[in-house]
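First chain written, first letter: the chains are A, B, C and D, and each begins at residue 1.
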Amino acid sequence: MTFENYKLVRERTEHLCVNLETEDFVVQAEEFVSPTKWHLAHSSWFFETFLLKKYLSDYREFHPDFSFFFNSYYNAVGERTARNHRGLMTRPTVEEVFDYRAYIDDQMHGFLAKPINDEIRDTLILGLNHEQQHQELLLTDLKFNLWLNPLFPAVLNIKEYPKQNGKGWINIKEGIYFIGHNGGGFCFDNELGRHQYFLEGYSISSNLVTNGEYLEFIKEGGYSKPEYWHSDGWAWVSENNITGPLYWMENKNGYQYYTLDGLKEIDMDAPVSHLSYYEASAFAEWAGCRLPTEQEWEVASGKFDWGTRWEWTNSAYLPYPRFQKAPGAIGEYNGKFMVNQMVLRGGSVATAPGHTRITYRNFFHPPFRWQFTGIRLCQK
Amino acid sequence: MTFENYKLVRERTEHLCVNLETEDFVVQAEEFVSPTKWHLAHSSWFFETFLLKKYLSDYREFHPDFSFFFNSYYNAVGERTARNHRGLMTRPTVEEVFDYRAYIDDQMHGFLAKPINDEIRDTLILGLNHEQQHQELLLTDLKFNLWLNPLFPAVLNIKEYPKQNGKGWINIKEGIYFIGHNGGGFCFDNELGRHQYFLEGYSISSNLVTNGEYLEFIKEGGYSKPEYWHSDGWAWVSENNITGPLYWMENKNGYQYYTLDGLKEIDMDAPVSHLSYYEASAFAEWAGCRLPTEQEWEVASGKFDWGTRWEWTNSAYLPYPRFQKAPGAIGEYNGKFMVNQMVLRGGSVATAPGHTRITYRNFFHPPFRWQFTGIRLCQK
Amino acid sequence: MTFENYKLVRERTEHLCVNLETEDFVVQAEEFVSPTKWHLAHSSWFFETFLLKKYLSDYREFHPDFSFFFNSYYNAVGERTARNHRGLMTRPTVEEVFDYRAYIDDQMHGFLAKPINDEIRDTLILGLNHEQQHQELLLTDLKFNLWLNPLFPAVLNIKEYPKQNGKGWINIKEGIYFIGHNGGGFCFDNELGRHQYFLEGYSISSNLVTNGEYLEFIKEGGYSKPEYWHSDGWAWVSENNITGPLYWMENKNGYQYYTLDGLKEIDMDAPVSHLSYYEASAFAEWAGCRLPTEQEWEVASGKFDWGTRWEWTNSAYLPYPRFQKAPGAIGEYNGKFMVNQMVLRGGSVATAPGHTRITYRNFFHPPFRWQFTGIRLCQK
Amino acid sequence: MTFENYKLVRERTEHLCVNLETEDFVVQAEEFVSPTKWHLAHSSWFFETFLLKKYLSDYREFHPDFSFFFNSYYNAVGERTARNHRGLMTRPTVEEVFDYRAYIDDQMHGFLAKPINDEIRDTLILGLNHEQQHQELLLTDLKFNLWLNPLFPAVLNIKEYPKQNGKGWINIKEGIYFIGHNGGGFCFDNELGRHQYFLEGYSISSNLVTNGEYLEFIKEGGYSKPEYWHSDGWAWVSENNITGPLYWMENKNGYQYYTLDGLKEIDMDAPVSHLSYYEASAFAEWAGCRLPTEQEWEVASGKFDWGTRWEWTNSAYLPYPRFQKAPGAIGEYNGKFMVNQMVLRGGSVATAPGHTRITYRNFFHPPFRWQFTGIRLCQK
């Protein structure tokens, strides 16, 4: 772990913003997304708070209010910096936020020039993984924010709809398997508690469901037949008048979708994206299949390509055996979300290179779909 | 299965209402509860629809509109019989609903006088289990409806707060166990798919958490410390200003609770009731323990007393391996609820005698607490 | 003012309920309506509170909690008797409420057997006018409550859609006119402050707009053309998906409407009813006319028939010159509503005989339409 | 009317923005305010649409989509440019909007170099008045948008809290007065229909209510005593937890308020500002006075200083006699708002110089208070 490792991650974050106008950094279309500017500042705040302020006795903060403005963890700090007001913080300006990043990087340069102990090393690695998570959120939030812009700006080409080359079904035999992180390298706390798990035999698809296959589901009335849907899913479809994946826009000639590279024609062979758990599950039901559990996904993951879509599993996000919350602010992160959410496995076109792994447990509430989420089918 | 079996269940339903005034049968305080009258009619509708109309060629309906009014399954039938309007159906009157019940019973008497085949027998048993489920809902809905009545009427004494006699912790060893219904007697479809499950060793409490123990949690500030709560649970507490179990009412001298037998002093030794999953989980966290999974509960259930409280588990309500939805209206019942809900095991003081069993999977969304729900602690 | 006067008003209230079932008395479909039972009790509470308890030193209350349950004036008394919970008060029962009425009447009999002073006399008259207002609300609330009943019960025939016999336009000349109550007989405080008012010349219609004329407006797309509507009215139409008067129900053969006497065919010659101010105003705009101001209505009222519909005027409900709130609970009644409401003049088929007069100022928020409201056109 | 007149108004708009950062132009804190950028573009759109495109046969639009983006009049044009999404339009950028303004000004220069007819002249004057209205909204919206910024930026000093020098009460005698615009110079359509109006005698204050006087009302519990408030006002106070004027912030030492020039100490002698109609009315009730009607204000306006606060009157916004909506998009402006709003008279520190007059009728819904609104008392 050297400053070079740190710098590589940090520079990637800024590189994602190269084509943005100042105005693009500011807006927040819904409470569940954050402005680009906020991600840039918050990921810097992590290093300032948990390393520089903690271990450098003579450290001078860049700005006395920033630790208040860019902290995402506090409960009930009051209206002015409430999560749904992040898009109203016109000051500090974008330029000042980049100055803040530069200041932090400069300080970290000095800090990492000297030898570091294990505790610092662990926090540093956690901070870089944290920044990578915010890289993905920066991209997915940006897409959501710019989509509501009537000009559909093109700002980045991350090849959102790649080809895939898998073939047919993979069969896995009944047996006891080990689940969870095996101890080498970094992982989040929710991957720990490696444990045995009994699985009956099953088949899992080599490929993700494609746009073309999903269009068939739409055309056969998938969104208007309650029998494919969970009760909560049907309520969600009805109340929100959902008729297709997020970012799909119907016109006279068919559908287009919005990408960070602008409006595009639908690529029928590419994996479908931006679906809620409810939609993923209804599609599987319609197809006479089911979604895999997270254990089924993990056990079979060596036999298929993954990493372009976060794949909804049919597993609720729950603690593994012997799960323990780490003490303090850092450790609280994952445990408190272990209800009402479903596990997603894999990674996506927006995930930072090297960030994810087969034991990685991503999770979202069932209706959310602004991440690059997709479907892999399973059957007995 | 004779008419006597049928009659026993049916009479119990009506017996629960002996002390009610006509007005008490009508009201619906919130969308998630139904009027007493509606339960009385809907459980009759089941026998009319799935037995009498189906198998008696010359059957004459009691009233042509009742199958529309008292059907709970239809999707999107329109505003007038919408679930949240059940409390506005002043007609048919309570008397007419009892006439409807008598008519159905009379018809069933004739129907069951002749030999019945297995299909009919299965539907009959399902209908009686369905009626028993509505007996429990009738009681819990009634309690909720009357509680918002400023006079706190006393209408039934079901001994809501019984004593318990367990002792200490029960240890269960690591191993592979079988989970799910083993085939003898009636069960619901969600209990099928009996399968092997690997469990690490654990300890589970002989007793449920008591009112006295829960009061300690309240007094130590349990409802104001976010560290004990899931993120969603904390939001629920804050938005709804929750400070104690449902039906607890604070006054100058402490707490009272509302029961179907009127307002009572808190019995400190009786098991606490009317908690959401969020509260059950926060209490466990505060106590340095955890909730059991549904598998842990099922495996240990032979070693403790249960049946006075539905016990929140830390298992999300998900399909067992090889779960199949039965075709048609009847079979759809359980599958479509398998998201966003947590499993409860056991039974309660409001459960019909003989209705539940150790493989029974009850389920509710985490915030609900108008059932007689309680807490059994678990630890590694 | 004798007990006979009192008795006549009181008996009429109960007479309106003769065909109701117990269940019909209980329900409350929306917060803005009250259960029949509540009107019966609240109007009795008035006499108990402002006469019996005040002037009879040895008066014993019928029930110690009733003054709390049936008081409509209190601010912030807490959830249990909140306005939107009136429909949950199953106790006191309907029978107990009638007992309460009988008790009050019996006490009033004794009270009025002795000579009364002017203060008592004024309060008594106010109480009877208050009861008459609740007679009208009892009917209009009952209609709304029973309408959401899938059986559309018929409970009373008040000839909701009478014929009318007026002819053409009435011309009124420019001049200074006196507006407000002239001092003889009872009036509400909002009619006082008789004052001069300058009016330019205008024409006002002898007849109210009919169902047939209103149907033409519907057929010509009145509900889909924003140019006829106020900005707030258009938002109301759009958000609530309004396409016709309240209680009109479209079927294959045209329209029916619900009346207290059950579902009926539309009478094309009868005056249209159950319109919001927004609809009344949009119709007038479509017809190339306008609504009269309340002064124009009052000045011309001697020249046309009125009393079957409350007629929306284009006057906001504001104080007359020299308006003073009377001190105490009784006097507060009208003044605090003088914002955001429009004045209606006349009376309706549901108004108690002898209750209204040409200076009577009724008022409602613009979207409300469960009263028998109608349209009289005006033009320069 | 020359290009110089035009230029003077246009330059003032841009001058108001001199101290803004790019980010400040973009945000929209609530649906009822617009981003600064939007005002800059929309006021230019007016000249492009109603003059350049209409009268210059060879006019080339600056951008084909701008007439869609910056039109405020359309009904139901769809989500993407919905009023509550104005703050999400990151493109066109601020720089492009200034380019748009420069382009329009350049074209107008050419257009106005030639003689213009009366119709064009009238539209030009209307366009400049329209731009002045948006200057005021630009400032008041900007204040609201920046206030939710945790750094409370100071961007402009418009002397929001000036001194006043009036003395005592002014008496006006009973009589018939003329109300409405008398024909000389520009006015809006809602000022026309000059008419006679009978007024009883009254007294009106020379001065506006001051911050110091309003603070007394707060300290005496004005916000917690329902007797001073309209029923709707009390509901507004309770639901929104209102305890003082908008922008007032309590701290240990008392109050500060936010101004466009940053946070300031309260000036006790300056006129209070940023009150809703409900607050203005409750204050008047507390003070034993009342608000004037708009006729009383207009008649007396020659005898007091006005123009620093929009003064709430007790008149609802209604049409004058003979009011006619002008045909087409321009004329529709005022008529459709004539319900549910109260009239304000005068002008404010944010009003463009020369824009207002004694017959000017401003109007807002009673709860709104982000304009510079104040109180002038009246009594019989």
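The rule is simple: a residue touches a chain if its C-beta (ideal position, glycine included) is under 8 Å from a C-beta of that chain, and two chains touch if they have at least 3 such contacts.
Keep in mind that what you see is a predicted model, and the values were worked out from it rather than measured.
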item	value
Those chains which touch chain B and also touch chain A	none
Intercentroid distance (Cα basis), chain D paired with chain B, Å	58
Between chain A and chain D, centroid-to-centroid distance (C-alpha), Å	45
Shared interface positions of chain B, touching two or more other chains	none
All chain pairs that touch each other	A-B, A-D, B-C, C-D
Contacting residues of chain A [partner chain B, same complex]	75-76, 176, 195-198, 200, 226-227, 229-234, 238, 277-278, 281, 290, 314-316, 318-319, 321-322, 332, 336-340, 342, 366, 380
Contacting residues of chain B [partner chain C, same complex]	21-27, 29, 65, 68-69, 80-81, 85, 87-94, 145-146, 148-151, 153
